[in-house]
Each structure stands twice: as structure tokens, then as C-alpha cells.
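For clarity, chains are labelled A, B, C, D, E and F in written order, and residue numbers in each chain start from 1.
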Amino acid sequence: MYFQGLFIFSLLIISSSQAAVLDFCVGDLSLPDGPGGYACKKPSKVTSDDFVFSGLAAPVKLIPLIKAAVTPAFAPQFPGLNGLGISMARLDLAIGGVIPMHTHPGASEVLYVVQGEICAGFISSSDNKVFFKTLKQGDIMVFPQGLLHFQINSGKTSALAIVSFSSPTPGLQITDFALFANDLPTELVAATTFLDAALIKKLKGVLGGTN
Amino acid sequence: MYFQGLFIFSLLIISSSQAAVLDFCVGDLSLPDGPGGYACKKPSKVTSDDFVFSGLAAPVKLIPLIKAAVTPAFAPQFPGLNGLGISMARLDLAIGGVIPMHTHPGASEVLYVVQGEICAGFISSSDNKVFFKTLKQGDIMVFPQGLLHFQINSGKTSALAIVSFSSPTPGLQITDFALFANDLPTELVAATTFLDAALIKKLKGVLGGTN
Amino acid sequence: MYFQGLFIFSLLIISSSQAAVLDFCVGDLSLPDGPGGYACKKPSKVTSDDFVFSGLAAPVKLIPLIKAAVTPAFAPQFPGLNGLGISMARLDLAIGGVIPMHTHPGASEVLYVVQGEICAGFISSSDNKVFFKTLKQGDIMVFPQGLLHFQINSGKTSALAIVSFSSPTPGLQITDFALFANDLPTELVAATTFLDAALIKKLKGVLGGTN
Amino acid sequence: MYFQGLFIFSLLIISSSQAAVLDFCVGDLSLPDGPGGYACKKPSKVTSDDFVFSGLAAPVKLIPLIKAAVTPAFAPQFPGLNGLGISMARLDLAIGGVIPMHTHPGASEVLYVVQGEICAGFISSSDNKVFFKTLKQGDIMVFPQGLLHFQINSGKTSALAIVSFSSPTPGLQITDFALFANDLPTELVAATTFLDAALIKKLKGVLGGTN
Amino acid sequence: MYFQGLFIFSLLIISSSQAAVLDFCVGDLSLPDGPGGYACKKPSKVTSDDFVFSGLAAPVKLIPLIKAAVTPAFAPQFPGLNGLGISMARLDLAIGGVIPMHTHPGASEVLYVVQGEICAGFISSSDNKVFFKTLKQGDIMVFPQGLLHFQINSGKTSALAIVSFSSPTPGLQITDFALFANDLPTELVAATTFLDAALIKKLKGVLGGTN
Amino acid sequence: MYFQGLFIFSLLIISSSQAAVLDFCVGDLSLPDGPGGYACKKPSKVTSDDFVFSGLAAPVKLIPLIKAAVTPAFAPQFPGLNGLGISMARLDLAIGGVIPMHTHPGASEVLYVVQGEICAGFISSSDNKVFFKTLKQGDIMVFPQGLLHFQINSGKTSALAIVSFSSPTPGLQITDFALFANDLPTELVAATTFLDAALIKKLKGVLGGTN
């Protein structure tokens, strides 16, 4: 039969790469990780489900104070992204909701407004210049890597946004939490932020910080 | 006045970085580009508008045959992404709509279903194994770099998806167009695809190819 | 003795880096791999043989239909390449032999014609433009990352080429095999390629595909 | 003459690379830059002086309030670093001096204490955990990319440190300046930081911010 | 006509990426270059010839002393490689020919023996261990980035090898030329190599060095 | 209580990233390493001490012949640097001390003169041009990746320098040691360096080499 050869050829290519570091590396969170990400799940155990994540489908419970929530689909939640240079998250903002000032230490971000109206902005490092704008449904905005930025629901309905990152592990450092939700001594916070000790202790109190 | 010093300090930092390659590099499409992307627009001319793109907000006219459309927000359309390792696109699929088999030569992709139901999948290179699944609203799926993949509206309503890429210039190579919508001689197409010349000429005809 | 000091100095440097992630990382295929490649073989077990591969020295059996063969020296076959950003393969083409349309999802390629005459080309993604040329012995041609390309023996003798890749695991996705040599349902292939079901089933049959 | 051949060989190699993108790319700040850095100064105009920078040799005037100063040797100040993945800065801290909370959006940092005693620390993003320690002369400490960190003179003499970065353009975003030394409307600052308007306006006043 | 839509779709994609930083970046050596390589030739001026290089097809004149020659196909010689992470070179070694100890500062290398027999090796940096072996026709060997290595014709016929690099601009630093074929003062060479001044002056003389 | 919500929000973020590949990857030298570095120590076992290294604080014993010493703080010595793209080393040079010709195969270097006067230089690969200069206290100099370079105490006091590298594992290949402190046969050294066998054997003798 004429095409038989192709079939054999196919098998040849397959067998030679059976141990391959190829195409993808679904993270195996039970193994030690490295600087580039998680170790790979054995290819023979990978299924379609490894490449699909439903954790962004439903809104999560909002945080009362900020009337908002962030739901990450980073490599720890969605190991199919491991090693692929990309990840996502879902932002829910009720009326008046806010994602406070924060950075992603390891990635740039693009935001897409699924519904509602969002005022978003970032602050450049070279001259503290602020770039911000009110985004309508369907608008996208980019936030360069590592810079302080924020999102506020500026509309009259709840808002939903999908954000993408240029890394499977972008990180998320919310400035208020970084400063007040830990045991960094009040005098060090005071010395490095110019806020007074009383305010710091108050914020530490509500955010669960100590010292 | 006590805080005066800080202000001076601020100016000091600013002046020393005024020529800086910092934070972002909004693409200037009128200048020669390089392997890493476009040359940067002068920082003094950059405004908030450079970081926002509204071209994905409205559905574009669908292509009758595939009942679908792809609207890119890559660096050429949205120069604010230049150098930031990320981009987006919008997929519109009417009932029965299809994004045909294609690859992105330079990026991995994550798809988020904004509305409707989409059957999506990709084919691994090492063993031609297919990974595909029907995605509901809110589901996300990842397509590893460079692999053949597709999206089909498998639901009873029109579908909308937002896709992100791990590069500002992911590229898009639709297999049928790559093979038939150009002047590659029919005998070369035949020799390299195992399709017969009559079929190739027919497809070339409808897709605008020659030779 | 005067130079004695140098000897001690040498030992000092050695001892301080004995656990080093240095110079090379010969792949140990028995350990879990990661996004960047295989884990490293213990340096004390590495010998000269780890850096030499003879698997490209002899022609392999050609596949009758395509009258050609591809012999990879990627990291799975040649673990000394692991982490070094490069690999090789050997192409054998009998008279009339063809390497069908394919992509390497993770690497650019350079081809060197060792003997014979080869017509080679690739298709750009931005405008489906074809770049192809007949190469003589000693000519080299570059194929940019992820783009569809092909090689055909266009001469009157058998041809031999050596190809190099910008990755130790470039991948190889032959379009016909990706589309037909698996269990992707015929109706999905039809919907995403515009080929009719009868032709797809025929190709699936000869290539070992099902559904 | 016997060695004559070598001389010719040398010239051969030289002439073939005379237009080379090789070895280094001293930045030419008068040309448009790109995502990867500045365009290169013509090799024929490059001298030894391009690779040496004396701007860190002398202490700069300290800022009274923080009793400290940062003197950068980033690519804009020292164009010889362009494209080489590294840069430096000098930190001067008088008794009681402080480098306030800040991030480098594009680089990790290593600090070396040249003289004095410095208490330095950073805050992780995943759990707001603080890592800090008092460093003596000769100690080094690493601050991972993009994370909030600080340095305080904790000794009884002035302190001097040299810091290195894993990028020629690491950026520097001092949180207080980013939040208060610009025209970001007070209500946006309040909404995204949980600080009250009165305090924000006061800080804006002293730091030169408006709105 | 039914397929008409596809044609329009095709044009749509084309027009949106007409200014694209896509697929390839053939170097334009007349423009300023950057850290990542040359600026790109305008896509409209790129032809198939830009991706093909014939400069390795014919042996060059050998250097009498070393009875060998290196012919590079790096980005300066073959601008089609620009930005693609790969390059090639041809090694010709007559009987007794030698490529002296050298490094490539910016790339790993793989060597393929086209004809003859070559003894090749490299020296690790961590413990000065030497890895070397005699290679027969068809053998390949990898030389990790930046390490000292050499090739010697160890056979009874002339030898030809093709080498590939993991960068379009790998660089080539032949130790003897680096030390003796320039104006580095003899006392500095002596101090940094432990060779005596008389030998250095002799080598400088034959290699065209001064001082 | 009003701020309670924030606390819950904080916990939410924490729990979702508890397995994260985030922020840092302190090397665990007891596990197999990979091309990108060591596997990561478990985050729960990481303390402030992992990010601080005191091994550069005290001068080491100088090597009599070169009257100098190099003390590395690379990832093997300071695992907190693992994956962060940077490292340091300390250079001690007594009066007349010399760091002989060497390369770092995997990194660029910046040197800061802490005390004394140092004559330092490097040799370009494209044309063997030498760039060198006498550096005073506080001066910095950059040495591009992989190029031969040296440092000599050119002053009348001992000198101390701190050097940084653009990699946690830059490597260090001292040319004299690479050539003579191993078992590379004398005839191969002779053939590849143009030095005569007697001199090679003499140098091998003092440096501990054989063959």
C-alpha cells in the first residue's frame, strides 16, 4: 500500500521524541520547582483538562471594604500555563469597587473590560507621571511591568474585567498589604514611608499586622 | 520647610533619567524597527491614550464563509504594547462560525470565553495528539506556542472570545491561506501536502492564489 | 617554589564551585524535566562522550512514499545539548524526495546543503508570501521561527542536508500528520480546513488516523 | 616569514565583521531607542572612556530630610552598559539616613556595604512576609525583582553601599513619590490607598504634587 | 461566489499587519544597530535572496601557518539571520590544519564533520577539565557557550566541518590574536599571562602587534 | 468592623498562591539542578538569612604568586541569588597583585574600586582592540560578556574591588589555568597555542597539569 510509508515515518518521529521536552510542560506541583517554573507532569498523564481552567467562570464573593475581588489563573491555580509565558485573572468590581494600588513584580498586564466602566491608571517610575483613563466596555489598557497601578469602578453598574500577564507567575503586591499586613516593626514602616506611627499602628490593626 | 528636601531629591532622580530607556517603549511606526520591536516614541510625546486601545470594543463585519472574524490588538495596531511581551485579539463567531486551523509562530495563547460556547483544541507536535474541549462562558484554555489549533462555535448563540498572547507580535498563520492564497506553484504545493493538483488549483482559485 | 601559589589558587576556585550550575547541563532523562529543559546529570559523571553524538553519521532507511528521512539530534537524542540553545538534524532526500510542509514551533532553522540540490522555501504569516529558492551544494538558507516550510530534492542525485535549530527542543509539526494521523473527528477537521469529509477519511485511513 | 599567515588570517576575520553587532553596544543617546535599549554608537568612535564611569566616585549632596542620596549609573548615565544586562548605583546614608520604600520594576538588586551598618529588607508579594536584616561592612544582600524594599542607616557612622542591578535600566519607583509627587487626583489616591484626603493633600503639598 | 469571503478575510488580516514587526527582520546594515541586532530592512524590499547565503559553498584560501580557514555566515555576512538566534560557519582544515584555541563570547556551538577526521575539545571553567574526542565524518559535537575550545585535523585527508551557533552574532576570540595582535603593552601581557617579555615581543612581532 | 474585609481578601490571595513559583527561588543544592539554576528551597523554610551573605566581608588569604585573590558570591556560595540574574565577587590585590587574563563565559561584569588604584582592561573579539584604563577609588568599569579581561593593582597601596555579574553563575575561566592546569596533552596545547612544548611542560609542572 502506497501511503504505508508515511505511517512508518510518523512512528519514527514519535519514537525519537518520546522523552521530549517539547510543546508544553504542565506543572506538577508535587515536585520541587525551579527558577523557570514547576517541573513537568509526565506527558503520558496529560489530558485536555490540563489546558482548560474554569475557575474564572463564576464571580467570587466580593470583599466588603473594596467591593471587589481578584481571581487569579496563574500557574499555581492553572498548571497548564507553566513555562508558557502567560496567565490571566478576573477582576470583579461592584459599584464603587476598587483594586487598590499594586504592582506585578514579574509581568506586564493587559486589561479588557468585559462589562461596565473602569477608571484605570499607572504611574511611571522615571518621573512619577500618571497615565490614567476611563475605559468603556471592550476597551483594553496596558500596564508596563512592575509599575504601580490601580482599577476603580467608575460606572453605575458592576464591572468585570479580564486581565492577562506576560508571565505564568506575575506576582501581585498590593502596597497597603505589603506595608501593613505583616510584622515589619512600626518604626521601620514609619522611617521608610513618612507616615506617622499612630496611623501605621491603626492600619496594622485592621489589616492583621503586628509590631 | 521640612519636606523640601524630598522635592529636590525627586527632581534629582528625574533629571538623571530624562533620556531613559525605562518603563515602556511606545512604538513609533514611522521609524525603522528592530528584532525586538519598534523604536520608541519620544517620552515627552507619550500620553494616556497611547496605553489604551478601543479597536476591540465593537464587533467587526464577519466573513460570510467562516461566519467569524479575528480582530488583532498586536503592536502594529496598539503600539503601546511594544516591548512589553503581551498582546490581545478578539474573536467573533456567529452560529456555526469557525476560526480555521492556524498557528502563532511567536507566542503562546490564552483564550477567555466572553459569551457563548466554543469548541477549541490544539495538536501536539511530538505525537500528533489532539487536546480539545468544549468551553463554556468564563472558561479559559491555553494553546502552547507554535502549535496548530482551532476554535469553533459549538453553541446555539453567537460567541465572543478574548485571546491573549505572550508576545506583542505573535503572528498568525492560517494553514489554508498559507498554502493556497499565494503564488506557490501548484506542483510544489502538491508535492509537499499530498493533495492533488485539481483540488489545489480549485482552492487557489477561490482564495486568490495563482500558479 | 614560585608558581606553587597558582596551584593553590586554582584549587580554591575549584572547590568553591564544585556544586556549580556552570558551563553545561547534560540532560538526565531519568529525572523530571522543567520548562527550560532536563535536569542536569551530575558533573562528576559527565564525560567527553556526553558532548558527542554519532547518530547523524549514517543515513537512515528512507520512507518509501516521501523518499526521504529526518534524523533529529535534539536534546532527547543528544542530552549534551540540553540548555545550550541549539540542536541539529540530518535530512536525507532520494531523487524526488520531499520533506512535507511543516513547522518547528520553538525555533528558527538554518539548512546547509551537504550534497545535491534542494528546492526549499517558507511562507510568511503576515501576507502569505512565499520565499523559495533552489539551493546548490554548500548553500545555506534560514527559515524563521514557527513558519510553514518545506524541502524538495530538485536535483538528479540524492541530496543530504544538515539543519540547525535555535533551540535544543525545536519541535517538528508536519501539517499532514498533525491533521490526519490522529483521532480528531472528521467533522472538526472538515470544519477547520475546508477539505471534504471523504478526502479526510481517506487520508486518515492511510496515515493511521481514526474518527 | 613563517607567522605571516596568521597575520593575514587575522585581517580576514576582522574585515568580515567590520559592520558587526558584536561584543558591546555603547548607547548613542542621540538616536531613537528601542525596547532592548539604545542604538549603538559607531564602533569606530568607541574608546576606553566609554566603558568607565566616575560618577559614583564622589558622594553627592545629601537630601536633608532623608539624610541620604541615590546616585545611579544606569545606561542613561553610563551608556557603556547598554545591552549588557547590568548596572550600578551608589547609596550614601548619613547617620539616620533612609532610602524610602521603593521598587525597581525591571531588575533584581544586590547590595554591598562599603562602610557603616545598614538595616535592609524587602517584602514578598505572595504573603507580605518581610525579610530584613542588619548588614555590617562587607555583607551583601539580594532583593528579588520588583519587590518593595528599603535601606536604613542603623549604625553610628555614615554608611556607603554599592548596589548592582540585573538590567542596565532597572528603574526606580519610590512609593511616596509615585503616590504624591504628581497630579493624580486626591480622590483617586484616597480610593486606592485607604489614606484620607487631608493627609494626601498635605503630602502632595510638600512633595510638589497637585490636584 | 462562496469562497469570496475568505479572500476578503485574508486581505483584512494582511492590511492590519502591514507595518508588522513579524516573522523576520532582515538586517539593514546601513542603519544604526541596537543591542538586539540590526534594524530591519523594509519588508517590501525583502526577497528570497535575503534568506539564502552562498558564501560557505566554496573553500576559501587557507592560511599557510594554520593550514586552515574559518568562513563565517554571521549576521554581518548574512543579514537574513538577524534576530533569529542562529548562525553558521565553515571550517576548512588541510592535513595538519588547526583552528587555534578560541571562544565565542555570545553563543554555544555545534560542529558537524562533513568530511575527514577532526580532534576537537573544550575546557570547562569550573575545574579546567578537558573534554575532547576524535570525530569521524558525520559526528557532531557541542561546545558550551564561552568556553575555550579547539579543532585539529587529526586525519590523513583534508577536513571540512560546518558549525552552528546559538546566536546570529556569536563573536570569535582567538586567544593568541587577542593577546598578541594589538597594542596592549608587553608588560601588561606579561603580568597577566606569566609569559616572559621576550616571547611576547616575538609573538607580537609576527602577529602584527606593537608596544 | 470596617477593614475586616481587607484581611479576608489578603488571606484569599495568600492561599491561592501558597504553592507559587513566585518572587524568588532560593537554591536547594541538595536537589538536581537544571539549565536555569538550582531547584527552589521550600518557601516555608526560607528566612532572611537566605538573602544575606557575609563571605565577602573579610579578605581571604592572598595567593603569593599573583598577590591577589578572587572570592565569589555566585549561586553555589550564595543560593539566594539563584534565578535572579545577578551575582558578585570580591577582588583583593596586594601591591603588585594581578588577576590574570580570564573570561566569564556567561555574564557581563561591572567592577567598582572600593580602595586603591587598578589598571583594568578587556580585548574585543572583532578586531582584538584593547580597551584599558587606570581606575581610581570609586570608578566603575564594565567588561562585556565573554571577553578576555584583566585587573592589575597599579597603585602604591593594596586594592579592593567589588565586581557584579549579569548572571548568578557567570563562570570564571582563567586562561593560564584552562591551558596548563589539566591533562590536555602537551602536543594539543602546542598545536593550538603556538607555544613550544618545553614551555608548556614547564607551565604544566608548576600549575599541576599532566601529559
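The rule is short, and it goes like this: a contact is a pair of C-beta atoms (placed from the backbone, for glycine too) under 8 Å apart; a residue touches a chain by one contact, two chains touch by 3 or more.
Only a predicted model underlies this, so the values are computations on that prediction, with no experimental measurement involved.
Contact with both chain D and chain E is made by B, F. Steps from chain A to chain C, taking the shortest chain of touch contacts, total 1.
A separation of 26 Å divides the Cα centre of chain E from that of chain F. Centroids of chain C and chain D (each the mean of its C-alpha atoms) stand 41 Å apart.
Mean C-alpha positions place chain C and chain F at a centre distance of 34 Å. Touching of two or more other chains is recorded for residues 3, 6, 10, 17-18, 20, 22-23, 33-34, 36-38, 82, 84, 105-106, 121, 125-126, 128, 132, 144-145, 147, 171-172, 176-177, 181 of chain C.
Contacting chain pairs in the structure are A-B, A-C, A-D, A-F, B-C, B-D, B-E, C-E, C-F, D-E, D-F, E-F.
Partner chain D is touched in their complex by these residues of chain F: 10, 14, 17-18, 20, 22-24, 43, 46-54, 56-58, 73, 78, 80-81, 84-88, 107-110, 112, 114, 121-122, 124-128, 131-133, 135-145, 147, 162, 164-166, 194. Interface residues of chain A, counted against chain F in their complex, comprise 29, 32-38, 60, 63-66, 69-70, 72, 74-77, 82, 105-106, 168-169, 171-172, 174, 176-177, 181, 206-208. Note for the complex: chain D touches chain E at residues 1-10, 12-13, 16-23, 25, 28, 31, 33-34, 36-40, 82-84.
Residues 98-101, 103-106, 119, 121, 123, 125-126, 128-130, 132, 144-148, 150, 152, 171-173, 175-179, 181-184, 188, 191-195, 199, 203 of chain E touch chain F in their complex.
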